[in-house]
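Presented below are the structures under discussion, each in the form of structure tokens.
Two complexes follow with subunit A in common, the first pairing it with subunit B and the second with subunit C.
Presenting the complex of A and B:
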């Protein structure tokens, strides 16, 4: 039995980006223990830009080394770092104008205490032991705290940078979803009957999306765990980031008896596309109550979480005529 | 320019809508603006929304929210991954072109399930800034310290702005932070990111906002006193920090100038300043004087629904013009770090 109260997950967007002719050498420089700026006109931009933000003039092709010392032009103190921050203890985010550069770089200073921070202070770059060709390869310390480092240059230029965005979400399950989940726990599929049209939606959304009226607990109705396949496709998994499927499977929509809207996103793994068809009658075979897992149920999904059923098996009834279900096929 | 007006506006906002989905938040507001105007979805020429998948935690989440509008039979629709103020701009352009006579604009945000300070980091430059995860409070605080140290603003002025927000918010049904409008109370508020105190930072909120736009005679027929849009412009500052002056709101000034803010007296200004020091920068950029009541709703400081706070500023200003509380109002919306993008909308009553 898993909790019904809330859903906790991480929304992830893993980005890989090409670095190009200016950012690539800059990130390669960081990996190799150097900070590089770009010359555009009379100014040295660090971090380097491909073009002047005001005139759009292109940067000169060869970057120039700046720093490792610099001057703080603005700062704030982070008292409670998050797990994503560059340090696990309090530190400063600051704007730093590196020696030889004309523009400020936003970065982190490991200053130990807020009292050590002031605008105009001198800082120096330090490099991480493990460097990957990212802006996080470097950090700054008050100049007096800097130590000499021997940095060995890497091999290939940095052509790709990986930026994995992960945002943690913790959301209470909506009341109508809690009631839907409680139904599943008891081997029942709960829908909602529109007070306006009388149509039954499964699962209920807490509102009627056609009549645009809210639906509360009084609209809840139980529908059968038997229904008719109204649409399906075969999915051959592509191995993208986060993909857990490896084998082809069928995804179908089933119009449950007593419902006016098909239940979508039902996965069938024990039948082949050759034997599967629109119009066939299927029945839900539930997992034993103690084995039912609702943990991937969220507030937005429209289907039935796979953790609650073993499979959907043919009832043996004759197929349903296409004409009577064509409104639900797509 | 074609005469286009805001003829209805509604909103809901509270610290967290724990038990309601985005659609459920919006449904009563859609109903309200329809009742106010007598316009049904079938009377609407174009529907445009603003929201963020990063808040909803789900890709293409806005498609689901369209159900609240009534998207069947099929409607003409668009979406911006921006504050709803920019959705309103898109609709206004379509009205100016003459393709349509009415538009429904809405936006919403429910940031309470996630960590907004992390979400906002994801909008930053992905090569140089975002991997460090500087959060919105840290970036705001960095700017505030620079302004204080260089005498662009005083500490007393920040307190004054925070007190003003609490004071005005007391009579605002949508504000989530109100009351205790005293200097002592604000000065005692805890430091969030030095030098910013809690009261210098906008109060987080969930909510939604809906506006109906109409042109010419339709506007006059469905609304007693339409808020006519006399100028609406948006501008952006440079993407790179190297191209930014953090001590002013340059693109806000450009947008205000282009929208004609300074052409006549402004009675009411609703400014979207996520921090007190940014509200100060905006007043300067828009040339606001003592003749103007600033943020009679309490402003974004009193309740900041991500993706809707800008559209809410327009709604607040328009509602006041329609109610006769002022003849000429300006509303402002912002997006991005350090007031990067700015939209300014000037409205007048007849």
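Presenting the complex of A and C:
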């Protein structure tokens, strides 16, 4: 049984960063146990910059070591860290002016308790045992808690870094999508008929985007599970992080009988491009009710969800004439 | 409604390539911006405002990068605006910048589009689910291929027209030192024999994935008049958009495209489009979009755009309407910059500063960009005289 209240998913990718002439040495320094600032005009900026932030004038890299001690110029307490935060227990995000620098760096302080935090307090850098050339190689503690560390320098300078950046998203399933899902559970495809134009949208959107009117439950109509291929392509999958497709497959749009807008994004894996064509008549072959899975149904879909059907099979009827379907390219 | 005149007084581009691993994102945009300032004979302090555009933030995984790039672009104490209209963003960014000059709000505006696509994967970034929006789920090629097939059926165009466009643009790119693809030994047969990626689109008929940035300095009438170099005067600007799916939508020749074109040509006082425009920089990420847009823009009758391709009318050598002399999107595609490159190359042609890919005697050019599911459009017409 699939829940029909919300859709939860994570967007995440291992992004690369090319660091350039200043951030590269800065990150290399962190890996090697040093914090570097940049002398630009008569100021030392930490973190360092490639340019003067006040005038945008170019600044030749002139890096100097700062810290490891510093003074807190502002802070906030994080009571519930997320998986992306630098600690798994409460900590402070703070602005820290490192000794020898003129500007503050935003970073994390492992202060144990909020009571230990105050503006103007002294802190000191501590380096993590595993360092990769990232700003998270370092963190700060109240000066009294700092311990001496022996840091061995690494080999190659840091030039490219990789960061898994992501966001967890939870969105409520819209009411019309809940009804659409309930229809699929019963082997029915529910669309919505515009109260203004009379056109039938499948799936419904909860509104008619042409007439700009709301479509509520009273607009729901059942359409056939038989239709006509109005568009298709054969996709040769490009490989990237998270790609699950490896073999070419057909993706098509099907105009169901009784609908005015085709279902999109229907994947066909048991027919060849040679036998596939626009105008072809196809019928949905449903999975048995107890096997229907709509866990990947979301608010966006322009099609069905793959878990509810086994395949689309030709009905054997004659093809539909191109002229009568040519308005439906997708 | 009267508008103040606006001129393109500076253009700057980075070399486009698969990976610019030697620079940070800030370094990349500064390279293009600095070259535009240099061309305009200005410094950072001369600029009143910056208008920046790029494609979705998922491409680099930096949310709202305009905030972090503000200081890199000299915006301390100045306004910066971010524009986003999918692939057309480079064009619409330039038009927002233009409107700041035309409205008399600023004298000198720096506008810039960029993408650092090497930081992720474009097909991933265009396939991912996003809250409350329809995912096209197979990259841009999977989306556009059925539309292209529809055009091929309706126009009865010969099968290799798309290959002709791809081969032409790659030849043009050899004359543009900034272009990403420089395929010196490419033959037409190799274009034809390339594997189908999203049938009927061959791999050779698709755009590359590029890192790069393109910038322009736009100035008021007095700034344009004071320039020591030729400037390009804005003679018309237009943007349109429409939903990407609705019953009865003409996806091959969207109404938003036709109406955007009618508007921009009308503003420029142009009645015979093919004769009065000397060169076009058109957004063609998949080869068949050249004949499709030639029709939609009114350079050819409906169903006949492919004949211009077949006759060589869009080739820089001997064509009466050269299209994408820079090599186009098919040779260079840092998505957020691609529309800006079209607009900037249109300016270089009018300024007679396009180097080896300059067309002789250009007086008027069209810069064109589209984005999303062929649903956002941005166009401008430039001339060597004030409107």
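Heads up, the rule we're going with is that the second predicted complex is superposed on the first by the 323 of 330 C-alpha atoms of A that agree within 3 Å, B and C clash if a C-alpha of one lies under 4 Å from a C-alpha of the other, contacts with A are read in each partner's own complex, and residues count from 1 in each chain.
What we mean here is this: contacts are C-beta pairs under 8 Å (C-beta built on N, C-alpha and C of every residue); 3 or more make two chains touch, one makes a residue touch a chain.
From a predicted model like this one, the values you see are computed outputs, not experimental measurements.
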First (subunit B), second (subunit C), both or neither touched by A:76: first
Touching partner for A:57 - first (subunit B), second (subunit C), both, neither: second
Partner chain in contact with A:209 - subunit B first, subunit C second, else both or neither: both
Partner chain in contact with A:19 - subunit B first, subunit C second, else both or neither: both
First (subunit B), second (subunit C), both or neither touched by A:251: second
First (subunit B), second (subunit C), both or neither touched by A:322: second
Which superposed partner A:171 touches (first subunit B, second subunit C, both, neither): both
Partner chain(s) touched by A:111 [first = subunit B, second = subunit C, both, neither]: neither
Subunit B versus subunit C as contact partner of A:44, first or second or both or neither: neither
Set of subunit A residues, in rising order, touched by both subunit B and subunit C: 9, 11, 13, 15, 17, 19, 23, 49, 53-54, 163, 165, 169, 171, 209-210, 298-300
Subunit B to subunit A touching residues, read off their complex: 18-21, 23-24, 27, 30-31, 54, 56-58, 61, 64, 67-70, 72, 113-115, 117-119, 121-122, 126-135, 138-139, 141-143, 145-146, 149, 193-195, 238-243, 246
Complex contacts: residues of subunit A adjacent to subunit B: 9, 11, 13, 15, 17, 19, 23, 27, 45, 47, 49, 53-54, 73-79, 82, 84-86, 93-95, 103-108, 114, 119, 134-136, 161, 163, 165, 167-172, 174-175, 205-207, 209-210, 212-214, 298-300
Subunit A to subunit C touching residues, read off their complex: 9, 11, 13, 15-23, 49-51, 53-58, 159-160, 163, 165, 169, 171, 199, 201, 209-210, 231-236, 238, 240-243, 251, 253, 260-261, 264-265, 273, 278, 298-302, 322, 326-330
Subunit A-touching residues of subunit C, taken from the complex the two chains share: 19-27, 30, 34, 44-45, 58, 60-61, 71-76, 116, 118-121, 123-125, 128-135, 137-139, 141-143, 145-147, 149-150, 153-154, 195-199, 243, 245-252, 373
